[in-house]
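Below, chain A partners chain B and then partners chain C, in two separate complexes.
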Partner chain A sequence: MQVDPLVIDVKGMHYTPLNRMIREAVASGVRDIVLNNVLGQRFIGNGLRGNVKITINGVPGGDLGMFMSGPECEIFGDAEHAPGNTMDNGYLFIHGSAGDAVAHSMRGGKVFVKGNIGYRGGIHMKEYDGKYPILAVGGTTHAFLGEYMAGGLILVLGIGQEPAVRDRGIGSGIHGGEIVIRGDINEKLLGVGAKKVEFTEEDLERLTPVIEEFCERFGIDPAPFLDTNYSRIIPASSRPFAGKYTWE
Partner chain B sequence: MCGIIGVIDRTMSRMDGSSIKRALSLMDERGSGEGAGYVAYGIYPDYPDCYAIHVFFDNLLEPKSTVDRILQTWGRIAHQEEIPTYDQPGLKKEHIPWRYFFKPYTDLMVGTTSPADDTVKHIVMAINSTVEGALVFSSGINLGVFKAAGWPEDVANFYRIEDYKGYIWLAHNRYPTNTPGWWGGAHPFNLLDWAVVHNGEITSYGTNRRYVESNGYKCTMSTDTEVVAYLFDLLGRRHGLPSEIVVGALAPPFWDEIDEMPQKQEEFMRVLRLTYGPALMNGPFAIVVATKDGIVGFTDRIKLRPLVVGEKGPLLYISSEEAAIRVMDPDIESIYMPRAGEPVVGRVMV
Partner chain C sequence: MSLGSVPLKYRISIDRDQCMKCMRCVDNCSYGVYRLENDRILIDSRKCTACHRCISMCPRDAIMLQEKPVDYRSHPLWTVEAREDIINQARTGKIILAGMGNAIDYPIIFDRLVLDACQVTNPSIDPLREPMELRTYLGKKPAKMEFTKNNGDVELKTKLSPNLKLDTPIMIGHMSYGAISLNAQLSLAKAVAKTGTFMGTGEGGMHEAIYPYQDHTIVQIASGRFGVDINYLERGAAIEIKIGQGAKPGIGGHLPGEKVCSDVSCTRMIPMGSDAISPAPHHDIYSIEDLAQLVRSLKEATNWEKPVFVKIAAVHNVAAIAAGIARSSADAVVIDGFRGGTGAAPKVFRDNVGIPIEAAVAAVDQKLNDQGIRNQVSVIASGGIRNSADLAKSIALGADAVYIGTAALIALGCRVCGNCYRGMCPWGIATQKPELVQRIDPELGSQHVANLIHAWTLELSELMGAAGLNSIESLRGNRERLRGYMLDEGLLNVLKVGSVGA
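For the complex of A and B:
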């Protein structure tokens, strides 16, 4: 049975009543919510659990989907700082660009950004057991991508960019997970504790479903991206700062 | 965390303060209700050759008579009045905002090529460091700062900033961290033609303060941002550096980046960094600075604070958040994020 979505015009609304409305709707069984005229409302979908799709038309404020576990948010617009902050599970599909600290401390689910992201994308991302967060970016990223990264995957396709990333500090302090960037990356851009390794056929096979899902989601032909022309950046060791603060 | 936004109409067409009030209020969460403020350029066209001296008085007796006497010693007061304010339930009036339109005598000071500016600077430093119960918080020509301890919308309504029309506006919503929230500590900070709004902290404040104080400035407002206004006055006005070069001195590229520049540029940056080492600002910051000729926005070199730029025709916006720009201008044509340390400049087209 097709059920009409719950449509909310959020023009001028504060995020507190908005999030309350969303939670009540999800609790009452609503599975499809459309938010129109979104502009600057922070914390949308914070801590939200359940099986629901939220369509966001506009530019949501910072920390979109923080602590969220399960829902899918599709954003037709840009996002501000830290969408997917400490997200546990679920999806953020952002059709525009996003600000700094995207997917900050994310520990599960997927954050896909069609455009560019700011500084420190994927900072402190982590994985454990079955939790495996993925941040994928269609455009470029600024400095300190994957800073202090502890797990998961960051994928940067660099569409329309040459090179895909030209900012410094990639994987600064990385001690788990991997950063995969389209094309060759100048080693000088790697941060402390990061090293570049070959992107192999096995890596491609492993990441093909992610590349295909990203492209399908945003209507991009995946074929040009299904080769091994990527740089793979991983931790040089599991303790990049051993000896920096303590001596053995 | 603080919220900042600035806008310039490069054709000098003037806009009232109602839309920047909405933009700053959208970022209420970036502040704590302990400081907000606005500055606008072009608001006093009836006094084109007078310095508009805005003062917070604790009362209108001793401090004001002392300030009157200092001003009358150094120049002529063309007009003075209390700045109109309107009681707000959420804002306690701690000071009486007053304004003088002041013409300094230019023959009382030697050793300067801009005696009027240097006389006013001297007066501001003298009042702020010696007159109990008086604080000059705005001292430029045809511009004015309006600030208080309160939320953005309360401060805007307290001064009714929609009654002022300017071609440049900067606004700031404060979340005080290291120093107390008070009226004088609210942004924008202003000296002469320079106004500054700042999100972050200047961890090199001690070094920068010693540097500006050794050049005749006095830091009296118990907060780090004040030093940025004085650095811009020293480097920009007194040393005559263009704003891009001032930013290059305050937030220079890293040495390894300088090493890779073409030789001429490398030599220039090396000299700039060595000459202005004590002016280098460390710590997290996003800053917008205005003068009558334009605005410049920049962040620290590793981008520890947000900054977004929007453009539409002659309008240039610089803000902590994209949504704040879109509140002011729903039809904004382009939005982008400048790189760390990269100056974003909007100049008036004369």
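For the complex of A and C:
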């Protein structure tokens, strides 16, 4: 049975009443919400649980989907600071670019950004148990991508430019997970504790579903990306600080 | 060329006439000082940490411990510690880690402050006879209250912010599961539930054994975001953002992989054996505006139902920083002084970075008052509160409540040996080894901690009664009831306290 979505015109609305409306709607069983005229409202979907799809037309403010656990947000516009911050589960599909600290400390779910992201993308992402966070970026990223990363996957396709990332500090302090970047990444761009390894046919096989899902979501032909022309960056050690200290 | 060994830190000896070879020392020492060979207990003093576990368990008082049994040539500048640290670093080339709080002999301001009492002109109050109001509310207080009148009924129109209600102004600070054992945390949780106060979870998530006491917990969100999800945030009575820690201002924390056992792993939500690394800053907070965003994000996620605290280390500009935090929608600011404890910190930080809590609290209280925003935030003092006098003086200097940490651990057996980072705590506190953890009985442990809180609460009532005060609000920020003894003029000005005799 097709149910009409709940459509909310959020023009000029403060985030607190907006989130309250969303929460109440989800609690009453609404599964499809459309927000129109979004302009800078922070914290949309913050801490939200449940099986709901939220379509965001416009540009949401910072911490979109922070602590979110389950819902799917599709954003037809750019996103601000730290979408997917400390997100537990669910999806953010951003049909634009996003600011700094995208997917900061994300523990589960997927954040797909069609365009570019700023500094510190995927910083301190971590995986645990059945949870495996994925940050995929269609464009490029600024410095400190995947810094302190403790688990999950960061994929950067660099559509329109190769290599996909030209900024420094990739994976500094990384101690879990992997960063996969289109093209051959200059090792000088890697941070302390990160190392580059060959991207193999097995890796491609493993990541093909992610690449295909990303491309399908944004209407991109996946074929040009299904080869082994990637750099795979992993931790040099799961204990980056083990050798730094001595006892008193 | 070998540097050879440095002298023993401690010498253990056994009074063989007293010893009955009951083997309790052998069984209790997790560091392996004692062993039985050919029916004789042999001693390896070099392994001793002065944790006193053996001494406390010896039924015959047969064990003796001597600190620094070997003299160096004495020198006022080149102390034993300075020399031994150099030897250590010449050998290893590494950063020296140390446990517990600041170990440098800085003057203790608390011990240079004296409290007041009534004589003749106003009567002191007997807490046995008169009620003493120690109930403390933490959180925003309205600048003014508006009421509506309806046919004689009066209703409050002003919307009040959520506050924490404490029966005594003593809380237990944040010591995470991982840094301390589950039985230690459980003892603290039961103790705060018994005494009507709160404890911090630390940044390690919340183990399900703590859930029954969750209404008495303040859940912490730190830069590693370990164990943080929406369920965790909703469990706590309040949420605390940890920006810094008094024992190591400006740097992050690393829980070594050895301490990440299966239970710690699922509470922190990280793989087993992996280092739990908390970066130095929160990487979503690079400015005071970003802090406000995180405070509001936490409130938004929890429906504006919980107070949000922000904890910072006491550093030089602590007053200005606290004033910024007061404007971020935060409900309380926690100031952690440079004597605050820790499981492990680089020694150079522990001993040299930050300022004393006494000066920090006084400066913060004054700054917030000067700016007319003291009602916007509560002030919680922590870092080296040793007794009810430190508690009373902290409140008189402007704190609403205090966090205790080391004091609560001492109530569980800790003897401040400072080897917490080694994970072999013979008292079952700073360890995850099951055979050591089970040395704490959470029921008994909680009674000891509750006794301590109760005793300090009684002493605080007596001190207040003697000063003619019957409510904690009358003591708060009441510098008139303090005098400085042998403090210099500069410090007296910072504390806004007069000299003795003045």
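Keep this in mind: the second predicted complex is superposed on the first by the 242 of 248 C-alpha atoms of A that agree within 3 Å, B and C clash if a C-alpha of one lies under 4 Å from a C-alpha of the other, contacts with A are read in each partner's own complex, and residues count from 1 in each chain.
Keep this in mind: a residue touches a chain if its C-beta (ideal position, glycine included) is under 8 Å from a C-beta of that chain, and two chains touch if they have at least 3 such contacts.
Every value quoted in this text rests on a predicted model; they were computed, and no experiment measured them.
Peer 1: If you count the residues of chain A that each partner touches, which comes out higher, chain B or chain C?
Peer 2: When the residues of chain A touched by each partner are counted, C comes out ahead.
Peer 1: So in the superposed three-chain picture, is A:241 touching just chain B, just chain C, both, or none of them (first/second/both/neither)?
Peer 2: Touch status of A:241: second partner only.
Peer 1: Should A:40 be classified as contacting the first partner (chain B), the second (chain C), both, or neither?
Peer 2: Touch partner of A:40: chain B, not chain C.
Peer 1: A:143 in the overlay: touching chain B, chain C, both, or neither? Say first, second, both or neither.
Peer 2: So A:143 only meets chain B here.
Peer 1: Would you sort A:95 into first (chain B), second (chain C), both or neither based on which partner it touches?
Peer 2: neither
Peer 1: Considering only touches as defined above, state whether A:232 meets chain B (first), chain C (second), both or neither.
Peer 2: Once the two structures are laid over each other on A, A:232 reaches no partner at all.
Peer 1: Classify the contacts of A:114 with the two partner chains as first (chain B alone), second (chain C alone), both, or neither.
Peer 2: Neither partner.
Peer 1: So, does A:81 touch the first partner chain B, the second partner chain C, both, or neither?
Peer 2: The answer is both, since A:81 touches chain B and chain C.
Peer 1: List the residues of chain A that touch chain B in one complex and chain C in the other.
Peer 2: 42, 62, 81, 120
Peer 1: Along chain A, where are the residues that touch chain C in the complex?
Peer 2: 15-16, 19-20, 23, 42-43, 46-47, 49, 62-63, 66-69, 81-82, 85-86, 88, 101, 104-105, 107, 120, 123-124, 126-129, 131, 147-148, 150-151, 173, 175-176, 238-248
Peer 1: Which bits of chain B are touching chain A when the two form their complex?
Peer 2: 26-27, 29, 302-303, 306, 308, 321-324, 326-327, 335, 337, 339-340
Peer 1: How about chain A: which of its residues touch chain B in the complex?
Peer 2: 39-40, 42, 59, 61-62, 78, 80-81, 97, 99-100, 116, 118-120, 142-144, 167, 169
Peer 1: List the residues on chain C that touch chain A in their complex, please.
Peer 2: 88-89, 91-92, 94-99, 223-225, 228-230, 233, 254, 256-257, 265-266, 269-271, 273-275, 277, 279, 283-284, 290, 293-294, 296-297, 300-304, 346-347, 418, 421-422
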